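First up is the structure itself, then whatever we jot down about it.
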Amino acid sequence: MNAILILIPLFPLLGFLILGLGFRAIPKKWASVIGPGTVLLSFILSLVVFFNFHDFAASPTRFFFPWLHVGPLDIPFSFLIDPLSILMLLIVTGVGFIIHVYSIGYMKDDPGFNRFFAYMNLFVFSMLLLVLGANYPIMFIGWEGVGLCSYLLIGFWFRNHEYNNAAKKAFIMNRIGDLGFLLGMFLIFNIFNSLSFDHVFAQAKSISFGNPSIVAITLLLFVGAVGKSAQIPLYTWLPDAMAGPTPVSALIHAATMVTAGVYMVARSNILYVLSPATMAIMGMTGLATALFAASIAIFQNDIKKILAYSTISQLGYMFVGLSVGAFTGAMFHLTTHAFFKALLFLCAGSVIHALGGEQDIRSMGGLRKTMPKTFWTFLIATLTIAGIPPLSGFFSKDEVLVKAFEFGHLLWLLLAIGTLMTAFYMFRMLYLVFFRDFRGSDEQKHHLHEAPSVMRIPLVILALLAAFGGLINIPALLGGNEGLSKFLAPVFADSFSIMEHETPVSNGTGWLLMSVTFVGVVAMAVWAYFRYAKGKHGLEPDDTSRSFPVRMVSNKYYIDELYDYLFVKPVLRISRFLHEIVELRFIDRIVNGVGNLVVWTGSTVRFIQTGNVGFYMFIMILGIILILFLNILI
Amino acid sequence: MTTIISLTILGVLVLFLGIMKKQSWLLPVILLGLVVSMVLTIMDWNAARSYYHEMIIVDHVSVAFSTVLIFSTFLIFSLAAHYYRGVQRPLDDIYGVMIFALTGAVMMTSYGNLIMLFLGIETLSIALYVLAGSHKEAITSNEATLKYFLLGSFLSGFLLFGIALIYGSSGSFDLHRISVYVASCAGTYPPMFLAGLFLLIIGLAFKIAIVPFHFWAPDVYEGTPTLLTAFMATVVKTASIVAMFRFFTHTFQGIHGVWETTIWVMAALTILLGNLTGVYQPNLKRMLAYSSISHSGYMLLAVVAFSRMSDNALLLYTLSYSIATISAFGILILIREAHGNDYFSSLNGMGKTNPLEAFCLTVSMLSLAGIPPLAGFMAKYYLFTAALEKGLVWLVIIAIVGSAISVAYYFKPIMAIYLKESNGVKLNVETPYKVHLMFMTLLVILIGVLPFLVVGLL
Amino acid sequence: MAPISSIPIQYYLVFCSVLFSIGVVGVLIKRNALVILMSIELMINSINLLLAAFSAYSNDPAGQIFVFFIMVVAAAEVAIGLAIVVLIYRTTHSIDINVLNKLKW
Amino acid sequence: MLTVILILFPLVFLLILLSIRQEKIVRQFALAASLIEFGVAVAAFIQFKTSCHCNLLFTADWLATLGVSLKFGMDGISLLMVMLTTFLIPVIILASFSHAYPKPRAFYGLVLLMEMALVGVFTAFDGLMFYIFWELALIPAYFICAVWGGNDRIRITFKFFLYTFVGSLFMLVALIYLYFRTPLPHSFDLHWLYAATLTPGEQSWIFVAFFLAFAIKIPIFPFHTWQPDTYAAAPATGSMLLAGMMLKMGIYGMIRWMVPVCHNAVQEYAPYVIALAVTGIIYASVIAIRQGDMKRLVAYSSIAHVGLIAAGVFSLTAIAMQGAIIQMISHGINIVGLFMVIDIIEKRTGTRTISELGGIAHKAPRLAIMFMIILLGSIALPLTNGFIGEFLLLLGLFEYSAVFAAIAGLTIIFSAVYMLWMYQRTMYGPPNVITENIPDLTWPEMAAFIPLVVMIFWIGLFPGLFLDVALPDVMQTLNFIR
């Protein structure tokens, strides 16, 4: 089994190496086999692991080779196979494979075709390491690796400096989070003397609630999660990251990488459970992000940016879920989100593809007729994310909402408002893109076409997953068997036994909550329909003067500008100050000053040597008198 | 004693050869004679004894330093053929006087009586007055000899006065008896004796060129014909410092504390002033003069330290300093010949036109600066060790600072040689001269790598 | 004891020191090379006298012998010195010690 | 015996090289010589690994009266440094092939001399031998930089020489002073120096003297100002030698000499040194952000990196010490790689000003890939060599002080900022007039890069081989602290 296990990440790595080393020599045809092929192999092996998962129950940690061993520090290269990692494994390789296939069509004409697949394979490899690692450092390898791939893929079209800037921003913001992660690891090592999940979690069980070290650890790790999963305050990179090719956005910035933070918190659930303070902070962060991002999404006009903010918002939901102890719910939402958000992005990709790169929804419209398949899949995705039963999004979101309600009614209310906003902006987008008349140029209109089958089939598969993915965890309330919950239960068992449990909502309340949100969502859909499909809204150019709050929101609350003002500019200014003032005018001047002083002294002292014998004699006599005087008379 | 006799004979022989108009024989005879007297000196190694009621004492120290002196003179004479090659007039007087100066220097290393010290110093000095002015046509040479003569005879007056006062208080010129007198004083010395002691120190300090009695050195070095400057900078300095050292070791061990502070301060001042003043010199020859002043300061370190290592340290230091300095002067002679001046700019681009000579000068500069693994480093290291053994930490730190400053000027020629554009003048050097330069360079490296050849002797 | 010892040695000492100092002052304040040469002679002769006195007081002939040495050496020195002065006069037409001032700094 | 061979071989080769008549084959000969030297080092490594911890010791009398002996040996730490040196020198020589340096005999002769001196420094088990080789290494470094360097080289290289020379002079005094505090009979032998009895005051002074020497060489803020200028003015080969190996001498010296000898003072002053080092990390990183010259940018990044190493050493934990050793190797490899990239760019475009470049990745993808890999190593991406070092260093530092570690950790953010900025502005974007026709890497150039890239991943993936070698000796060094 170990061989299979190591092969899962090795296949994509192999794909990367082949495509990367021979990137010019390999024809596109081969690349389009190698790229997705390796991921498919990984997916198949993941399925094998999934079906043999009981073999791992006894010894979930599989050792491969010692990696870093210094005295007390022992970090083996080993994988942890438990339900949680298997779930992620399937998502990463499964969704990854689908998106790879889609990319064959999407990137068909790009000169960097091979390079693209190389990077994508590398990404899958890193993501698999992240998911499979049996200790924090191995996870961190993947953690940083996906950051790198994200950097490479956002800046894939590197002729454009704006894209490059976006890529750099993503990497640096991730790195800020990574520093938190790193420090968290150090603290873990300090407290537990180990970094392996099994050791740490086993020891953690015996630690008291709210232990300050644990709080610090979890907060630091959460900083990492904030960076990676684009939460407030480190979220601004994700909208910019849309500079990358759309499949990248689908795979990395929707389905997998950005959820790594959620995965990490879920993985460390026991630590988080021990730290209510962190949970509270996490919950507030998640909630704020969910609402904040949703509010921005309403006023965005770039199809991918809307989806980006939507992703941020949905990630916020997941963190709220985690913070209220709904680990399964969060993971469930993560899974369904992977399906529907990947689908949304791929649909958006088809649209962009069809429009020759156009991303502004104000220049779209009426695509329902020319791209029916895309429209239908997009519709399914929209309904899913909006939470229309019985599509998967409904179940996953509902699970988080119900848990939130147990935790506090206000929390539920705010989340529900977020849900309504989600529904609103999603339907706004749907209507603006697919309804009304086409608003683009004639040339675009002429070229409008449905995506080729290599792109369509992935859409369909994802649409099916998005629609029926909810089946894996239908709540008991609706007569489901809660399959995913049971599957994941061992992972969270310890936490559940420690955690304080709120009284579960009664069935009646459950139904009530469900219906309230449902009605609200439908209302939003209708409102948006009249506003955007029938009405004349949503086409205003950016610069029309609007009321202050609207201007705030549509400019993303000026957060980018704020960061620029607070961090980027000061650092540059400090840099200039340090270099020009401290370094050159101060330190170096002191160093040179010593030298100059010596030279100056030398050039001055030499004038004692007047060349005048009388003077010399005079000085000598002075010297003699001084020596005699000092030595004899004193 | 055999050294002094053989050298005197050699000197007379040279003068006779001059009378017999055998100019071409001069150098071979001198070099051979120097080798012979060096051999005779070394044969005295284990034959320690004294002559004429301890007027002359031959011991390890005197033999070792006499050898250094004769060897340095040998090296200098090896440069003479080239230096004087175009000169028409007979040279027997200059050569002869040099030999006599050497005789005086040897006397200064082996005296056992202040009379002999005085005679040695005067023999050396009077010869040098002549040598400094030997380039009669050059006004600089005239000036050099005038300055040297006036200051030299003035200061030898003080030296004499010192000797007289010592004689007055101790009743003898004999080093041994003076030391008996010192021991009998048991810590309290009459002012007359102290005054004599310090005047003696001052007289010797002048010869070594120690601040504040160093003023003559830069001017005289610059004005004196280059070959003879090399002689002054090496032989005279070595002889004088050894004389001072011998004086202290033989008589005044007991009163180390009395003169220690004075020498300490003089050493520190010499190191600092010599090096500082050297920094700004545009003239290689004058720079070497300041360098030699600073090296006097370093040598004084051995005297101040007055430890069991001092003699070895001094031997290594004088030897390595002499060889490196002579080598540098050897290049300087070439430069002066080709360019007519001693400015650093004349060295520009020498690395391209004359790589071998450039290398020799570089090695000698690095050695003087005390860069390992050259002789100069080992010498400095040994000296510092000797000083630190006596806990002279601050003096050593001053010496270190001085070394650091000295790099500033020792690197000037190096930078000119390798980093500046050539001015296209190629030095014209015949093979024996090259071989000689290489020989000295190799010695500098060799002593650095195998210091134990020299160090364990004393 | 010779009548010389009826004069205390300190007298000689002071006298010779004064003589020596006069010589030193002469060297310091005069610019004429010849005068300086003479002043140096004065210094040396004061020392000779001192040595002779010490010698007589301690009944040690060495001091007086030394005096002879000094006289010989001084003669040689003066010879050289005069030669140098002549040399200088030939080139500069002056025997002022400060005229020759080319070598400095 | 191998140790002595390692020291003498470069010298022998140097003499042979000087006697080669045709200038054309000089560099091939130098390459061959350095490869042979590397072979010997590998042999020593294997011997060390197999016949376990025989110290490859060589002892002979030299200056017996002063307790100086020719004592050379290799323990794990020395061995790794020697491996690094002998590994990098052939790479550097290979990288210099595309330059037609004038006077190749002198040039490659100096490189070999430098190699000898470096090996000497790393293997000396005698205080004075250490000092001699330490200074000896400065001479070829100075000449390489000064003779073959660029703008304003005379002033800058001299400043470099003088500055580092001054620092080491103080070390000399400290060593001699120490010598007199060793048990009788005094000796410069490493272990005798370790056994020296010092009062707290003396320890402090010796600490300061050593620290000056090492801090200037490394360089630690605020003694670093010679470094950016020197790297910028030096020829590519010179920069590589300086940054790749020479500054390791300082860190090595700290581990080998400073920590064991003045252990009490080291403990006492460690917080201040770490504070300086950490300040330097931030300071240099922040300055690097705005540098327009690639070499200067790398120079400042190097100050930041070695600052972290120094901080790690002074945290006096086994983990950080190991990290320091591995990071010395990594830093050497990475910075040589970076300078190689810069050199190639400068050679082809005539400039290394970042704002004048751009879009090179289009025309020279191989170069871009190599650059990227090396860059990843230097920004410490996991699975590259840089990560192992920085992870261990920060972890060890964290053990010492969480606050320092957190501040020092900012380096991973800053390094990403400036490195990626440099990469983006030179490699990405549209090509311009200067970079339009830039040719891609030639095969000899690739050959120089490949060993570096292999090492970057080797150390990143299997650091155990290197860590295990040094561990016992690191523990021994730390034993002095307890």
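In order of appearance the chains are A, B, C and D, and numbering begins at 1 in each one.
Here is the rule we use: contacts are C-beta pairs under 8 Å (C-beta built on N, C-alpha and C of every residue); 3 or more make two chains touch, one makes a residue touch a chain.
The model shown is predicted, which means the values in this text are computed figures rather than measured ones.
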Selected pair, greater C-beta contact count between A-C and B-D: B-D
Centrality ranking, top chain (CA atoms only): D
Distance from the mean Cα position of chain D to that of chain B, given in whole angstrom: 42
Rounded Å distance between chain A and chain C, as computed from the means of their C-alpha atoms: 98
Intercentroid distance (Cα basis), chain C paired with chain B, Å: 27
Separation of chain A from chain D, taking each centre as the mean of its C-alpha atoms, in whole Å: 37
Junction residues of chain D, two or more chains touched: 162
Per-residue multi-chain contacts in chain A, two or more chains: 595, 606, 609, 611, 613, 617
Where chain B touches two or more other chains, by residue: 146-147, 150, 154, 218-219, 408
Full enumeration of touching chain pairs: A-B, A-C, A-D, B-C, B-D
Interfacial residue positions of chain D with respect to chain B in the complex: 61-66, 128, 131-133, 135-136, 138-139, 143, 146-147, 153-154, 158, 161-162, 165-166, 169-170, 172-173, 176-177, 179-180
Complex contact set, residues of chain C against chain B: 9, 13, 20, 23-24, 27, 33, 36-37, 40, 43-44, 46-47, 50-51, 54, 58, 60, 62-63, 65-66, 69-70, 73, 76-77, 80-81, 84-85, 87-88, 91-92, 97, 100-104
Touch list for chain A against partner chain B, complex: 595, 598-599, 601-603, 605-606, 608-609, 611, 613, 616-617, 619-620, 622-624, 627-628, 630-632
Residues of chain D touching chain A in the complex: 159, 162-163, 222, 225-226, 283, 286-287, 289-291, 318-319, 322-323, 359, 361-362, 365, 369, 376, 381-383, 387-388, 391-392, 394-395, 398-399, 402, 405-406, 409-410, 412-413, 416-417, 420-421, 424, 427-430, 461-464, 467-468, 471, 475
List of chain A residues in touch with chain C within their complex: 606-607, 609-614, 617-618, 621
